[in-house]
Amino acid sequence: MLQHYGPQLVNLLAAVMLLLAFAMLAQRRIMSLINLFAAQGFTLFLSTILVASLTGQAHLYGSALLTLALKVLALPWILHRLIRRLNVKWDVETLLNIPTTMLFGIVLVILAFNLASPLSLLAGTVTKSTLGIALACVLLSFLMMITRSKAVPQVIGFLAMENGLFFAATGAVYGMPMVIEFGIALDVLVAMLILGIFFFQIRERFDSLDTRHLERLKDQ
Amino acid sequence: MTMSGAPVHEVLGVACAWLLIGALGLLRPASVDWTTRFLYPAGAVAGLALAAIALSAIFQPAASVVLPLGLPDLPFHVRLDALSAFFLLLLGAVSAGVSIYACGYFRQAQGTSLGLVCLYFHVFLASMALVMVADDAYFFMVSWETMALSSFFLVTVDHDHAEIRKAGYLYLLIAHLGAIAILLCFGALQAGTGDYTFEHMRALQPSASWATAAFLLALVGFGAKAGIVPLHVWLPEAHPAAPSPVSALLSGVMLKTAIYGLIRVTFDLIGSPLWWWGVLALALGLVSALGGIVFAAVQIDMKRLLAYSSIENIGLIFAGLGLTIIFHGFGMGALAALALTATLFHCLNHAVYKSLLFLCTGSVLHATRERSLGRLGGLIRRMPWVAWCALIGTIAIAGLPPSNGFASEWLLLQAFLFTPGLPHGYLNMLVPVAAASVALTAALSGYVMVKFFGVVFLGQHREARLAEAQEAGVWERTGLAWLAAACIFLGLVPATAIGLLGPITRALTGHGIGNLAQGWLFLAPINAERASYSPLLVFAVTSLLVAVAWLAVRAFYHGRACRAAAWGCGFPDQNARMQDTAEGFGQPVRHVFEPFFRLEQHEPAPDDANPRFSSSAEDRLWYWIYLPIARAVAYLTALVTLLQRGRISVYLAYSFVTLLALLLFIR
Amino acid sequence: MPAEMLLLLVSPLAGGLALALVGHRPRAAEVNAAFSTTTFAAAAALVTRVVADGPFDAFHRQFFVDPLNVFLVALTAFVGMTTALFSRPYMRVERQHGRVSDGGMRLYHSMYQTFTFTMLLVLTTNNLGIMWVAMEAATLTTVLLVALYRTHASLEAAWKYFILCGVGIAQALLGTILVYFASEKILGAGTGALLWTQLDSVKGRLEPGIISIAFVFLLVGYGTKVGLVPLHNWLPDAHAEGPTPVSAVLSGLLLNVALYALIRFKVITDGALDRPFASHLLIGFGLLSVAVAALFLSRQRDVKRMFAYSSIEHMGLITFAFGLGGPVASFAGLLHMTMHSLTKSAIFFAVGHATQKAGTQFMADIRGLIRLSPTVGWGLTLGTVAILGLPPFGVFASEFLILTQAIAQAPWAAPILLASLGISFAAIFGKVQPMVFGEASVARLPHRPALLPVFAHLLLVLMFGLYMPPYLAGWYRQAAALIG
Amino acid sequence: MISLSGVAAQFTELALAVLLAPLLTGWVNKCRAWLQNRSAPPLLQPYRALNKLFQKEVVLAHNASPLFRGAPYLIFGCLCAAAAIVPTLGTDLPLNAAADAIALVGLLALARMFIALAGMDIGTAFGTLGARREMLVGFLAEPALLMVLFTASLISSSTSLTTIVDTLAHREFVIYPSMAFAGVAFTMVSLAENARIPVDNPATHLELTMIHEAMVLEYSGRHLAMIEWAASLKLFVYSCLGLVLFFPFGIAGGSDWLGIVLALPALLAKLAAGGAALALIEMLLAKMRIFRAPEFLGTAFLLAVLAMLVHVLLER
């Protein structure tokens, strides 16, 4: 039963990942951006669990829990607190208008799929088709970081990229060795904390988190 | 690789001695006595020793040693053959005179402490010696760049003046570019084998295209150091900026290291030059010679004037080299030998008389604190020693018999007279023209040197304070006398000096010149029937005639003379300002060769309260080549800075685009 | 796990923790120096051991030492030590000037040690995953160091540094995952599949398609940290705005280590692909970096920023050399790595003192150093002369090899290199000369500058130019052989 | 090798040149006077003038340097040496081994340099002005002369004047078109070099136009005499050189005394004709502005180069 529907479910979740990535790309409101990020993390968690149960890779459960703890609970919580403390609830201005961004996004997805299709054939895993989607997610979050002018959305994009990577790891290779996943998770967490500190400092210097204030260092 | 080379070790010993002397200078950097009583004389002795060693080494077979230094796979190779020995002789002989002179010159520190100057000075000497014995690319480049660096510090000894700093900067920049070109030339010669010894490069037979690439790179690199047009711009800036003994070394010896390098690469490492390279070198040389002397004629700073005349002489040397390559390329070995002999002999002569003249300007500078010709004059009465030495140098550089300058130009012209025999239609028609321009250059240098000597030493003092000018000290006079004596010796018995060149021409072109058949008295490159010249006889006969005339006048008439005010067509109040100025003396040349210059003249208006006249003749090349390059670079930098506009999204976009591009690229 | 190795990694880690507690005390600087010295001692011991009984691995092959990384370990530990010595008086003066708070001092010392630790971890680990983690950690520590002054500029620089390198490093992770994806088919799942030694042994059988994509991601990722154009934008800001010791270690160590990681993957990629894919990419990026950085140089007004660009240029040159490949070029690349980090850190030391004297980083306001403090002036002059590739300094030796190989193997690149080197020479020398020579403008400093680090580095560089100890040459040769 | 007879011939030629030179000058002046139908000065007038000058006391400027006093003798010596080199009677001249055509040009240049320096020594306005103009003429005339000689030496493939004479006079007679160009060039050069119209006017004492006279303004007494003598020697040398290059016939080959004895009247005749021709030219031409001199001499230079090219093109 599960063996039969499992792979399809994984593909479904992959599709959801991609959908959420696009949603984030399109999203203007910062709160819902965070929520979308959390949702993406949750999807990631589900797919990891699913892959774990399908393949019986014990350590995947671990990494799934890690995902849950970090990407669904910790980070969104930190972000929410930050937003509240910094009370920045404004809409996210984009440097590029949304439709154009989406258009770019679609091009990226096509590229990612083309890139991944030969690799997926090689993948011996049940979740081979997810690699392309993971790649697409990474590229999309990259695009999002480029198009957002505020600090917080950029960070969210950064974290979303981590999600994509994580998904690639689980999708392509049943997750990396545990040591490394812990390491990665640790780094992400520390990065988040440092970012938190940064937000406050940037705030108190420029009383704004708009990265357009961060354009003084340049050559002319 | 024969290990039987005593001279090699001695040369290295001299180099080490120089380095040691330099280092000792730092012991008591402020002490005048320490440097001028002990170190510089010691350096001079080392120079003499080097000359003696080199003299003995010319006729010995090439010997080489390997030092335990350098890169792991590439220890320093040292080799002493006739060519190196000849240039070492040049270095030793000239540096001896200059070092003696330096004892008297470096007496008060300007900007840099005496000990440091002493260090630079001797490191410079040592590095030049090492350049001439280096036998692998790395050692050569190390010595070469050390030479450039030490000379840069010497040029900017008095670094408080912005223009001196600027001059040094320009010098080092062009020197460095040239060095990179030379480096690439060696890269082309080692052909990717990773074996950088000259031994190996000699053995390799590069394809015509690689050989050409190597030669062109060498031409650029060494040409930049030699100051060949259009890479000459640093020379008239750096030479005046430097202290005079340094100018003497720069002009007298360092430029010759470039000639050495070019000969080494072309005839020794590449081995089989193509004839058209020679045409290129010849053309460049002639342009430099003519351009150099024409610019020298309009200078109003005595050291700049000499610097430009150095460009001229280097041009003549390049012309000779080009002729050598042409003959060699057509397999006319004997003629190639003749041209090469003329070239090398001219190197030696120029080294001697140009350093002599620079030292004379040094003494004048010391006595008057004045470099501008417009404020000098009449010094022959205040400082006769310097004046008479300068006169010898002047005759030599003007290429008049019986001086050494004439001897080498005579040889060069002889070489040109054979060119109609070339098996190439256009060449043997072009070369008479070349000969003509050489003759024109020689004549012009006479003009320039009359201006130099006449304005500096003759006439009335253009400034009142020149009347207090002091004769040069005994150290300085010794140095001058040494070089003047060398000029006279080389001039009167050139055959002996040319005898030294036999081994070199035989090694490089396979032929000697049939000179010594005629004995030491006569100079007959091919045969006496064709052309022969004996400066000693000419000198003897002329001076005999002079003496006879003098005695006869005394005998038949009388020797009475009385003093009176100058006649000057009876003008009541003659004064010094009525003399021709340096600008005035240059005016005819400016008139005749107008296209050469970028003239800017400012005549006063008729109703001018205090009328002023100013005229400047600048180098067109500076505006045609260098400024455009500078502008282009500035434009590119302006373009590039657009990459760094400070917006983080843009930066992210860069890496994003790079990523996508690469991903597409591998698809 | 051998004791030296343990000490090598534990000493800086312990130092980081200890100084996190006492880093603000007056003698913290000495403690910091002591830890770094211990680390260097351990590194030296490790080196002697390797010289004695060859490469070895430890701790279930998670760590390993071979000629390629052992000399980088030695270099890192050495520069780490000298920089600690230099930062002792330097940071003290900064503290006196009130540019850094007590907390700042604590952060600085602790992060300095942690940074050293992460560097050494990257170098010694055999596990490509750990390597990535350590690299990320290095980024985070240095971000904190760059932001130390809490000024507008330093925050901005740190922010850019963080975002750009964070994103970059994420790409590297994807690359690592893909490598793992390729290798686990052959080596089976688990940590074994990420051990470099393992991968190296089976590289011939890895799937070319995946590896090439992986290398692209890794190039973009680690290349960002190396500072290859056009991924370099963070580098000048971070170098110019952080404390000078940090600029020194960034230029001297971090870039090297990032390049080291790249080279490790290059070896695997070349093994897996039949075409010189990686080499061509490296040549291209290297040349681009050299040319663009050279053009940037002439417009700089901030001295540290200028030397940061010169770092980009030299990294480009090294990358180019590794791209050329072959025994001579790789040898030259490794040599240039060493020479550059020694020289450049020495320059930053001298610059640090100079800027403290002048109270500004603007070159236009720094004049006539040689009058007021000849030692600093000469340090800067000789350092500049060395970095510009004038003999008899070691940088010239490596540039000599690189250029001569370049014209023989890739003649079309020669003119670009010629022009770039000429332009950069004109730019740097033209700006440094008036800083050092001529009439003076800067004030005397009360404290004595720490000259030992400057001249120790310069002496080493000089020595490499004229003579290289045989066993060092031995390493370089073996390392070059590893790179191929 | 050097034979006794050779030495003797050498001396006769030298003595002949030194003694005849003023006579030639006198002859030219006489011809000019005739052509201008003035009453001509006696032929020996130059000798008288020299004698007078020698007897006069020398008046030196206060700041005259030794160079100023030595220069006249040096110049005289140089021109004597030059005269000794040019074969006028026979071709067995030992000095020819010592100095060839190039050396001849060199000696003339040396003389010029010394007279220019002497002109600058006192530091009067006219002295330096004359020196500058003299050198201006020099640096254009000297290479032109050299090219003329080169043309001849390319023909005879030797720079030794005696060999040139042997080739031109004592081999089978050939017409060399190149020598025509060379001849014109040579004439122009020698006009300029000897301070003749159209470049300079030996008779003028109008300060602003003079060249040679301006340099020697400060000289008096025996010094002036030496210089004047040297000047006439120079004219003599140039004339003989012209004869050697273009009318070498009659010069004895080797050193057979009969030949030399026969050569003497031939020489005199040729010189007389040459002098007359010179006077005629001076009559026909007008003095040009000094600034035109470069063009005049530049033309001469180009003609000489053309002569070489013509030789390379047609005669090989």
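Note that the chains take the letters A, B, C and D in the order they are written out, and that residue 1 is the start of every chain.
Quick note on the criterion: contacts are C-beta pairs under 8 Å (C-beta built on N, C-alpha and C of every residue); 3 or more make two chains touch, one makes a residue touch a chain.
In this text, all values refer to a predicted model and were calculated from it rather than measured experimentally.
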item: More contacts between chains, B-C or A-B; value: B-C
item: Geometric centre distance via CA averages, chain B-chain A, whole Å; value: 70
item: Whole-Å separation of chain centres (CA-atom averages), chain B against chain C; value: 44
item: Chain A and chain C, separation of their C-alpha mean positions in angstrom; value: 31
item: For chain A paired with chain D, centre-to-centre distance based on mean C-alpha positions, whole Å; value: 101
item: Residues within chain B bordering two or more other chains; value: 641, 644, 648, 652, 659, 663
item: Sequence positions of chain A contacting 2 or more other chains; value: 115, 142, 145, 154, 211, 214, 216-217, 219-220
item: Junction residues of chain C - those touching two or more other chains; value: 159-160, 163, 167, 213, 236, 296, 299
item: Pairs of chains in contact (touch as defined earlier), listed by label; value: A-B, A-C, B-C, B-D
item: Complex contacts: residues of chain C adjacent to chain B; value: 159-160, 163-164, 167-168, 171, 212-213, 216-217, 219-220, 224, 229-231, 233-234, 236, 277, 281, 292, 295-296, 298-299, 326-328, 385, 388, 390-392, 396-397, 400-401, 403-409, 411, 414, 418, 421-423, 425-426, 429-430, 433-434, 437-439, 465-468, 470, 473, 476-477
item: Partner chain C, residues of chain B touching it in the complex; value: 68-73, 137-138, 141-142, 145-146, 148-149, 156, 159-160, 162, 165, 168-169, 172-173, 176-177, 180-181, 183-184, 186-188, 190-192, 194, 196, 213, 633-634, 636-641, 643-644, 648, 651-652, 654-655, 658-659, 662-663, 666
item: Chain B - residues contacting chain A, complex; value: 641, 644-649, 652-653, 656, 659-660, 663-664, 667
item: Chain A-facing residues of chain C, complex; value: 127, 129-130, 132-133, 136-137, 140, 143-144, 147, 150, 152-153, 155-160, 162-163, 166-167, 170, 173-174, 177-178, 180-181, 184-185, 189-191, 194, 207, 209-210, 213, 236-237, 240-241, 296, 299-300
item: In the complex with chain B, residue positions of chain A that touch it; value: 95, 108, 111, 114-115, 139, 142-143, 145-149, 154, 211-212, 214-220
